[in-house]
Amino acid sequence: MKAKQYGMTIDIDRCTGCGACMVACAVENNVPPVPEGANDRKGITWIRVFPINNGAEWPGRQSAFVPVLCQQCGEHTPCVSVCPQQAVQVDPATGIVGQMPERCLGCRYCMAACPYHARYFNWWDPSWPAGMEKALNPDVAPRMRGVVEKCNFCHGRWHAAKQRAAARGQQEIDPADYVPACVEACPTGAIEFGDLNDSQSTVARTAGEDHSFRLLEKLGTDPKIHYRSKRDWVRRVAAAPGKEEAHG
Amino acid sequence: MGTTAAEKQFIDRYVTPQREVQWAVYARQPENVYFSHAAHVKLAHLECSSCHRDHGQADTLRLYEEDRISGYSRDIWRDMKMDDCVACHRQRGIENSCLDCHK
Amino acid sequence: MDKAFIARGVRRCSTGKFVLWIAPWAALLVFGLYSAGLCLVKGLNQTNMDNRFVFGLWIFLDLTVIALGAGAFFTGFLLYIIKVKEMKAVINSAVVIGLVCYSGAVAALLVDVGQPLRFWFTFWYPNVHSMLTEVTFCITCYLTVLAIEYLPIVLRNRKLRQVPGFLVFEFELHKLVYVLAGVGTFLSFFHQGSLGGLFGVLRGHPFAFREGLAVWPSTFFLFILSAAAVGPSFILLTTWVASKISRKRLVEAQVLQRLGRISGLLLTAYVLAKTMDTLIWINRTSPGTGFPAWQYYSWKPFGTWILFAEIVVFGLIPALILVAPRLRARTGWLVSAATLACLGIALNRFVQTVQTLALPTLGFDPFLSYAPSWQEVGTFLGVVAFGMLVYSLSFRYLNLFPQERDLQAAAVPAEEPVLAGRY
Amino acid sequence: MKATRRDLFKFAAGGAAGLALTPMPWRLVTDTALWSENWPGIPRPARGEIRTRFTHCALCPAGCPVKARCVGDQPVSLRGLAGRPLCAFGLTGHHLPYHANRVSRGDPEGAAQAVRAALSRRGANESVAVLDLRPGRTASWTYRRAMGALPGGLYLAAQSGLPAIDLRAAKTILSFGVPVLDGWGTPANVLAARAQFRLIEAEAVESHTAMLADEWLPLREGSQDALASGIRHILTAGAAGIPSGEAAERSGLPEATIVAVAQELARGDAVVLAREETDAVTELNRMLGGRAIVRRREAPAPFHWTRTAAPVTRFDAVPDQSIRALLIDESVSDGYFPWDAVERKLAPEATVVVFASSRAGYGAHAGFVLPAAVYPEIADDIPAAIDSTAATFRLAVPLVEAPATVVNPTRFVAELAGVDAGDALRERANAIEQSGRGTVLSYTDSRSTPLRDIKADAFWKILHEGGCWEDEARDQSPGEPRASAPAVVAMTWEMRMARGPLSPLVTKLYQESNLRVRT
């Protein structure tokens, strides 16, 4: 089987900041709601949409939304090398950076290492309103308190696709059969998903387009999430490392 | 049905009050394991007995044992441990990263 | 009433007085245990750390305390490997300090992880590429070494040595001391370094990221050097404080000065190295990752003053004082210089941990601030109290300062027949 | 021999050393680590056969088609169909039965008696009324029939015979605070038409729509009419409205901007949308006379319903202090009246009964709160959205079993009035089927067939297994812009946030992130 490099291209100009991706992700991956009073820094959102603006006042003011999820770094993957007990691993077959909650000690070193803040810690044991645990997705195991978790391109769906392929007696999964929840949920089709190694795939094409960039590219972590915007200020704010202007 | 004492008891306990039977599964893997029988039977053509013991042949079932602290079936820790999965995968040269089997 | 336990020939305050001194620390320890217990039972939601500020007070504490505890291995190194005889006067105290610091740090670490029940995973499934693995292994090993080094000191207690078996054991153990010192030194060099590496390898945080030799970023070596430099200062400081509190002369003056001198020399070397490292970082490393270095200091309150304070106020100045014989000779200068040095190391560790996490990386990140919750502070204080208790008890019942008795005898002649001192 | 203290120490030390050699400590270490994987507090998702079921989202009139992934009968995730995406609320619809402030029990008998008592002591010009927060449903017909049968019965609704907005016919849209790009109308339609129309969003705060609009006019709070009539003044060359200077003065916008907007509207095919439609807005629309405002034909209903049904009374047309007993169906709502507006209409000591699934609504003020089923627990049809030019008939079918305690509002009201509610949805379906108009789209095989080629039972089956009837788009005669606005507040994002019911996961949008602001 040829090794895949699953990746995404996100068209910022298409994102309406509706938040469907965030909610769909939480539903798909059994991410619990935070307890009352917890803030945005203690909650878990595998994909998070940041509102940004060009810092100007009306009429010059412009705003946009940047969805940020695990960038699935392919090189010097910051979180992999730091984990003291091999709870993080880049799957050679898919290029997906996997996090193993059951192996995780909860030292949070990987979170400190991640420049995208795409990793989340379970500060509480997961809890859903009475009865709602019936509505959990059987393909994803709920995590326990005290471990780190993150986006893994809806790996439950990858398993399901594998399963269907196997039932058909095939090894390879059908690309159309495996799409992460956020991609599926996005009403404007701002997010494209596919195999970057496959030159036929949409992502492989759009990733190379003009106006496309990656977050903190200069860190040399070779992220597999490519962003795109025709607006210069968006590229400036989103691509540039920590500037004082334009905070969400 | 209900001829033997056991069957009768079963009917009184579960069928009549329509209660779900809490089946004790020897091979119940932990929640974080994704196991596809299709992949192992249809693609790899494994015999059932190669993982599950020869329940087919036996006419009595072993007692189900469960670890008091971890709550896992003892069978898993006997011959369905992760090490066993990994060993077999290695042997057959199937790529094994955590995410292959863990969900 | 506990006279039987107190070493011959030294004076200790009355039991009642001692209990009074112990009591508040004991209370603090209990409070610390309670806060730590909360974090263990209810989970880390008890802290004010969050997904962005993943490390807080505790990691800062660990790094600082371990740096200060370096006095233990370094004094041992000086005494047994380089044969600096003066160190004999403080080695026991140094060992206790080391033990206190390291056990405290390890305790704090155990509370800091989300799944303490899985602490052994690191040993069972180690990832050899992780600096944290290195730290964990070295610190646990070194803690064992310290315990073994501590044992003979305990066994030499007046009461315990009545057990013949102990005496023999202690004697045998003492032969090992050189080996232990060697091993301790080796381990310490490594984990002090890897503690530095911990943040130096974070290419995700260009503020902390450093290039270096092979797998080790420059901070690896800077941490070794700084720890070695400040260790003696801290021993100096603690000895001085102990003698002030107990109102006794514990060591001869030149011992402290010797400590100060060593500390000063190393500190000078450290300041030079640190300066060079900073320059390289500002001009090459940081820009290379797309982050102009000025940017880090554009976030109040972390202005460039912090860099200045770290290198000059708490680095260069104490270094100069300590290397200057005339200043060193004056206790006031000596002690305050040592204090500055210790504060400097704390500031450096603070910058490494807290400032690194506070600075934004993405263009649309906010600058973060964080204040520890009372549970965190409680645990922190618990560790401090634990240290005070162990040290106080050791000071009272064990022979931490071999010179004390002679100084005592010299001060008060014929207190009791001099011969009585040699058993 | 007697044991000394030292022996005790020895024993302890020996015991500790010995224990370390047994497997006990090691097993303990392993098992506790395993226990940390499934200690109490970590729920176990149910396993079972994966099924797919179709329904329609009843949370707003968009009524988006829903593809539910179920384990056994329990839906575990909802998805839209290709090109018909779900919003954040729709995606979490299957959580609503478990939402936090759900009304669990009530006192139906007590409520019924109270209403009957109220009826008996009803004054000459006092009325008993049903307030329907989602008019245009089959349930609404049942209410109207019931009220028609009751002496002094009134059927109250926010709007009647609303004109539809045909986005395809609009080139320029001036919106006063309407979240056009943030959940208004049918998102799929809006997205499809987005490329063709230019959106000018006049709103005091920078809402999501304001961010995404082609132009944002940050006018002062409450200066909507000023801007509207200012524009009118320009378009009529000073014949009507207020001078643009004054408009600029009051709205806080540069005069040049207002003029530019006016000119843009003048280019034709422009429509003005407003969250609160006032005369100024209506006048402006009438003047622009865009083709975007069209009249929509209602879906057919059984003849005997239309004969016996009470007329739709606009809520604000009811005289004050005249309602003796008020029944409010809050189980689904596309907008609501502020409570003080409702209170004004009530007679002293009036009886108020609220059917609600969430405690966040009128329940606080009502004498009786009866638990109602929530989507997706109940079969209900969804009225056509404001931007659909043709009538539609689609069902939200139950995916989850409703708790035993819930009360069916329509049945309750019908029994009260002695009207036989029967299987209203089925009757309606038959009526539509007899009309033979329009086409039926089935989601299971995504085929659309003319209704006349389908038998009644087949039609009913399709409606239940995921299918939708759409009227043929005839009669596009321009609709009359509404004269004056009822004091209804449209169900915007903020409203949903405030009144619920909500999935606990929606907190991701405003608590675990700062994407949305909860007001």
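Lettered A, B, C and D in written order, each chain numbered from 1.
We take it that a contact is a pair of C-beta atoms (placed from the backbone, for glycine too) under 8 Å apart; a residue touches a chain by one contact, two chains touch by 3 or more.
The structure displayed is predicted, hence computed values, not measured ones.
Nearest to the overall CA centre, using the mean of each chain's CA atoms, is chain A. Interface comparison, B-D versus A-D: the higher number of contacting C-beta pairs is recorded for A-D. Centre-to-centre spacing of chain B and chain D amounts to 46 Å, using the average Cα coordinate of each chain. Averaging Cα coordinates per chain places chain A and chain B 34 Å apart. Centroids of chain C and chain D (each the mean of its C-alpha atoms) stand 63 Å apart.
In chain A, 39, 43-44, 50, 102-103, 125, 140-142, 144-146, 248 are the positions where the chain touches two or more neighbouring chains simultaneously. The set of chain D residues touching two or more other chains comprises 32, 35-38, 42, 44-45. The set of chain C residues touching two or more other chains comprises 115, 118, 121.
The chain pairs satisfying the stated touch condition come to A-B, A-C, A-D, B-D, C-D.
Contact residues of chain C toward chain A in the complex are 43-45, 49-55, 112-115, 118-119, 121-122, 124-127, 129-133, 136, 198, 201-206, 288-291, 295, 298-299, 356-357, 359-366, 368. Taken in their complex, chain C has these residues touching chain D: 115, 117-118, 120-121, 163. Here chain A touches chain C in the complex through residues 35, 39, 41-44, 50, 52, 66, 68, 76, 78, 81-86, 103-109, 111-117, 119-125, 144-148, 215-221, 236-244, 246-248, going by the rule given at the top. If you check the complex, the residues on chain A that touch chain B are 1, 89-94, 96, 98, 100-103, 139-142, 152, 155-156, 158-159, 162-163, 166-167, 169, 171. If you check the complex, the residues on chain B that touch chain A are 30-32, 34, 36, 38-39, 42-43, 95, 97-100, 102-103.
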